[in-house]
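Both complexes below contain chain A, partnered by chain B and then by chain C.
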Partner chain A sequence: MDPSLIDWSRAQFALTAMYHWLFVPLTLGLGVIMGIMETIYVVRGDEYWKRLTQFWMKIFGVNFAVGVATGLILEFEFGTNWSNYSWLVGDIFGAPLAIEGIIAFFMESTFIAVMYFGWEKVSRRFHLASTWLTTLGATISAWWILVANAWMQYPVGMTFNPDTVRNEMTSLSSFFTVAFSPMAITKFFHTVMSGWLTGAVVVVGISAWYLLRRREERFARSSMLVGSIFGLVACGLVMLTGDTSGVIVGRTQPMKLAAFEGLEDGSEHAPLTIVGDMKIPNMLTILATHQWTGFVPGINDILNGGYKLPDSTTALSAEEKMSRGTIALEALTLYRSAKNKGETEKIEDLRTRLQENLPYFGYGHIRDKHDLIPPVGLLFWSFRIMVGLGSLFCLIFCLLVFLQYRKQLTRWPLLLHVAVWCIPLVYICSQAGWICAEVGRQPWAIQDLLPINAAVSALQSSSVRVTFFIFLVIFTLLLVAELRILFNVVKKGPQIDETTSPNT
Partner chain B sequence: MISLDFLQQYWWFLISLLGGLLVFLLFVQGGNSLYHSLGHDEASRRMLINSTGRKWEFTFTTLVTFGGAFFASFPLFYSTSFGGAYWLWMLILLSFVLQAVSYEFQSKVGNVLGRRGYRILLVVNGFMGPFLLGVAVATFFTGSDFVVDHLRLSDISNPIVSHWGNSWHGLEALANPWNLVLGLAVFFLSRVLALQYFINNVRDDVLESRASVRLLGETALFLLCFLAFLGRLLTMNGFAVNQQNEVIEEPLKYFHNLLEQPSVLVIFLIGVALVLVGTIRTILSKTYRRGIWLSGTGTVLTVTALFLLAGWNGTCYYPSLSDPCSSLHLSNTSASTATLQVMFFVSLLIPFVLAYIFYCWRAIDRQPITREEMKKGEHLY
Partner chain C sequence: MNILNAIFRFYVEGFRRMTLGRTLWVLVLLKLFVIFVILRLFFFRPAMQGMTIEEKQQHVAQRLGIPLDK
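Showing the complex of A and B:
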């Protein structure tokens, strides 16, 4: 296996996922904000709110198109670049993806047409329903893809079938185990709420820009009000689900948590590192276990084993896991050979040997225990960027809501400037979050089951390198075009007839 | 408990139906390849682009769902074909990616490539998309060069299950003339459908008469390619899987499939008849505008029947040229019973999905596109 093939395949997938994740959060968040605004329009019958909705829909439409384009590539890259992965887990992973297509994509693509072209062709209520259904479709789509992603982090609900050489669902209840695993639920809410936060930051930032230039003031104040209240709610939910995420990651992906913290050696009272030597005593234990005392393993502990796991068993060392993984792979080969030769007396023994060592199956493909450590520096700083910026947004939204309540918003131009700068920051924040989730899982494509070196397609590295650069050029071009279009839309403004200007 | 065999047949039927719907919806790409030559001025070209621009997401979504359904129901095909015929699929995807933004971006200020640039991308998609999809589908009959070996998974030096037999990774499909013939058939069919769709969806006398004239030539080219491929299909050998799960070569396999499955034969014949009736009536009558619905339904039925010929009746739907034993058929590629069952229940929602698509489509298309709408419309491309 050419190591550069794995690197280029990872690079291509990371490139596609990160570009895709530039566009999706805004779709999720702005969709809800548009829905709220159009609901106000329908309830009040005030044309002003219709104009407001239509302005944000322009931004939504441009962003949506690029999200769809990058999403198409992402779906098919599972097959084109990760064919072994697709075969080994297609039985579990494919179902959420197909359901996403049947239920969510059609809902999105059908009602978005009514949303854009139906203002004069359908009733107000039908149009409002279409706007909400477009957003609902996007959100359901996020649900299923995040179910699939959560399963890669925490594989549950499947059984390895040595006859078909893949992981399979065995009953209808397995499907519900996959669809409603704690990891899937938390991941869905944390990710979608972060999308809401992105939408709120963008709406508030653009509104702040208008207020600073003293133009479109009524529009900007209305949008700011909806955006900041929505953003504050989203912030609270992101923090809550982030906390739950921490506990689940600590329990199911301890190496990822250790890498977030750069924690080499664990303890019963692990401190939380802010940066450098600034630490909050015992805080990591509290966040990771929700208890005052609880062992949080460090990287060395996980490699060397020997500590007590939450279920009171003792953790195996990496070498032991790798050795048991090798036994599992050998048992599989012998099982298949015995099956082909009809050696029935051996089949059961080999099946038992395989089952006993199955939890370590993926470790059989690991050659060096140090390969089990994800890039610590990247994760340590990504985690801090995500949490730090998330906290900043919460603070900003609190201040904005308070100042609007006190009708003092324009007396704080510095805050408005910060709100504008939060637009690029929120994208950095969500990309950092995605890096935490995905790079933190390395070297696994599926945690403990399938490392990336056993998941790729058998391609020439040069082919993947070429497509990587093709996608890099295309996606970058699309991003630049989108940004320029959006800047022009914002610069031109909503052009609403502002007959009244509230005195705030 | 629904049997695995039934679920495999059922899911192949749904894949076939999605394939049929996808080919019908390629009228968007057909429109992209025609808009420049069919439109006689900027206003008419704009009408054509706005007409297909309101439907492109259906094609796109059907393509994505087609892939997702294959992944879920027949994952070994997904991993073998997409991971092997890498370049063929990548070219198809690229053409659709470029199209996805081109409608939305082309009329926006600051779009970097300019209106002309995005329209060129639409044309590229219009030619490449249907042609390459046709080539890819043709390999379901003509075969590809791959080997599948599950035991490789325990070989840590090279644990990949599916291997492609050459370094062209899918481009070699372009060297088989019969693949090209089906590619051209799908391409011309997309244009035939597009012309009938424009006649139905756009109100402009000049455009309608130009579309009607073009329809004759495009139909002739489509029929030439389609009948040539059909002739080849019904006389070629195929690979069958017998009761012992062994792959054997069978002369006239697809012809036998047609005779041994009267329901497929009926679907196929009705489909072809509907395409011909819809198209010929549109050519002959200046007032007949509903040809797209007959031709569209006919396309769905015909393509569905072709997919059923490829996969039902114990046929290897993805034959391997280098190792016939590696050929893919329903039983050696399908997902587990539990997965297919879950998706079976989800698929019961499909009629509901089709119903709301139909309702919304009608709501948007109740009034045809006119020059006036292009002047005052609120969301135009």
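Showing the complex of A and C:
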């Protein structure tokens, strides 16, 4: 396989996914904030809160319009560039994704229309319900695709059928195993909560910008209050779900965790590296196992095997896994050939051999055990960016809530400047999160089952390169258009008559 | 019938009163055109288009079953 084909196909997918991910988090987070603001309006009956909600709905609308359908390009890429993968994944990308897509599409397109067109036409409560249901629709849209992603990290619940060469969901219980695997649950919550945090950072940042310019002050203060309290809650939830993600990654993808930490050799009391030689003794063990003592394997341990796994079995070495993978691949080929020739006496035997070695199926495609190590530097720093920025946001929200309580918000212009700068930072943080999850899975498309060199379609590398650059141009143009519209909306401001309302 | 009529009028009036929405719709339609017409037709043909199910199974089995590059 031409290595440049794999690289360009990956680059193209990464570009599209990262672009798509610029819009999703704000939709998820701002949706909830609009819902909270409109709820305040309905409970208090105060028109001022209605105007506030309407302004943030404008921002939501611009983001939604530019983001909508960008995810579809990923689906095209599955079929064109990753056709072997798409076929093998089987039922995951079949009916559930389609059903979810349809439900979410109808929910969003109905309720979003009421949200924008219905202020004077439907009752307040119906309008409020529509706002919440639009957000719920967007969150549902995120659900199954995250389940699918979780399955790629931790493929449980599906049965590989050598006749169809697909993974199949054979029963309802198989569906539930896929949908509610611990990886799927934490991934869903960590991702959605990180979207909430993004929404909060954007609302607080724009409000801070108004306060620094002494514009729309009352509007900015009210938005800041809702945004920062919500942001603080979201921060707590992101950290909690991030911590659980760490434990699950440690259990299911130890190589990924070792790469996050740049951990070459593991130990029973593994330290957490902050940066360089700054380490907190035993902290990695505590975070990864939630116990005082527990072996966290390093990269070398995982390659060499021989250590005790949590289920008390002994870890295989990379070479052993590779040879069992080769047995699995050969068993598949022989099985299909026996089936074609009608050699019934061999079929059962080969099927059993395949099943026994199936957990190592993908290792048959690995040529050098060092190919099993993902890019450590990129992961080490992406993980630190995500966690470091997450902690910074937490600190900032704490300070903002405290200063609002003490009514001293505008005495700290530096903090307001930092809040504005947090807007680009939260996007970097969130993208770093996906880099951790996806680059950390390398070289696998599906953990242990399918490496990317076998997942990719045999296309011309040059044609994939051309589409990469076409995307780059289209995406940049769209992004520039979005940012221009957004900046104009923000510059124009909410245009609320700040003197009319009796209570904020 | 009345309710359908009301829903229809709701949308028509909504679209008519749009301000910023107009620009956004232009952007959305342009983007959908690019995605579905240009990208889909010219750049993203499914790699196994035109194959029967059996051919697809055989194709993937061949790519996976025999160790690549070995």
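The rule is simple: the second predicted complex is superposed on the first by the 495 of 504 C-alpha atoms of A that agree within 3 Å, B and C clash if a C-alpha of one lies under 4 Å from a C-alpha of the other, contacts with A are read in each partner's own complex, and residues count from 1 in each chain.
Everything that follows uses one rule, which is that contacts are C-beta pairs under 8 Å (C-beta built on N, C-alpha and C of every residue); 3 or more make two chains touch, one makes a residue touch a chain.
Since the model is a prediction, treat every value here as computed from it, not as a measurement.
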Room on chain A for both chain B and chain C (clash or fit): clash
If touched residues of chain A are counted for chain B and for chain C, the larger one: B
Partner chain in contact with A:Met169 - chain B first, chain C second, else both or neither: first
Which superposed partner A:Thr467 touches (first chain B, second chain C, both, neither): both
Chain B versus chain C as contact partner of A:Met18, first or second or both or neither: neither
Partner chain in contact with A:Leu399 - chain B first, chain C second, else both or neither: neither
Chain B versus chain C as contact partner of A:Leu309, first or second or both or neither: neither
Segment of chain B intruding into chain C (one of 151-159, 187-195 or 241-249): 151-159
Footprint overlap on chain A, comparing chain B with chain C: 1, 61-62, 65-66, 68-69, 72-73, 76, 79-81, 83-84, 87-88, 113, 116-118, 121, 164-166, 329-330, 332-333, 336, 364-365, 367, 453-454, 457-459, 463, 467, 470, 474, 478, 481-482, 485, 489
Sites on chain B touched by chain A in the complex: 54-55, 57-58, 60-61, 63-65, 67-69, 71-73, 75-76, 78-84, 86-87, 89-90, 93-94, 96-98, 100-101, 103-105, 108-113, 150-151, 153-154, 156-164, 167, 169, 335-336, 338-339, 341-343, 346-347, 349-350, 353, 356-357, 360-361, 363-364, 366-367, 378-379
Residues on chain A engaged by chain C in the complex (per definition of touch): 1, 58, 61-62, 65-66, 68-69, 72-73, 76-77, 79-81, 83-84, 87-88, 113, 116-118, 121, 162-166, 326, 329-330, 332-333, 336, 364-365, 367, 450, 453-454, 457-459, 463, 466-467, 470, 474, 478, 481-482, 485, 489
Sites on chain C touched by chain A in the complex: 10-11, 13-15, 17, 20-21, 23-25, 27-28, 31-32, 34-35, 39-40, 43-48, 56-58, 60-61, 63-70
Chain A residues touching chain B - in the complex, by the definition given at the top: 1, 54, 61-62, 64-66, 68-73, 75-76, 78-88, 90-95, 97-103, 105-114, 116-122, 126, 130, 161, 164-166, 168-172, 174-175, 329-330, 332-333, 336, 364-365, 367, 453-454, 456-460, 463, 467, 470, 474, 477-478, 480-482, 484-485, 487-489, 492
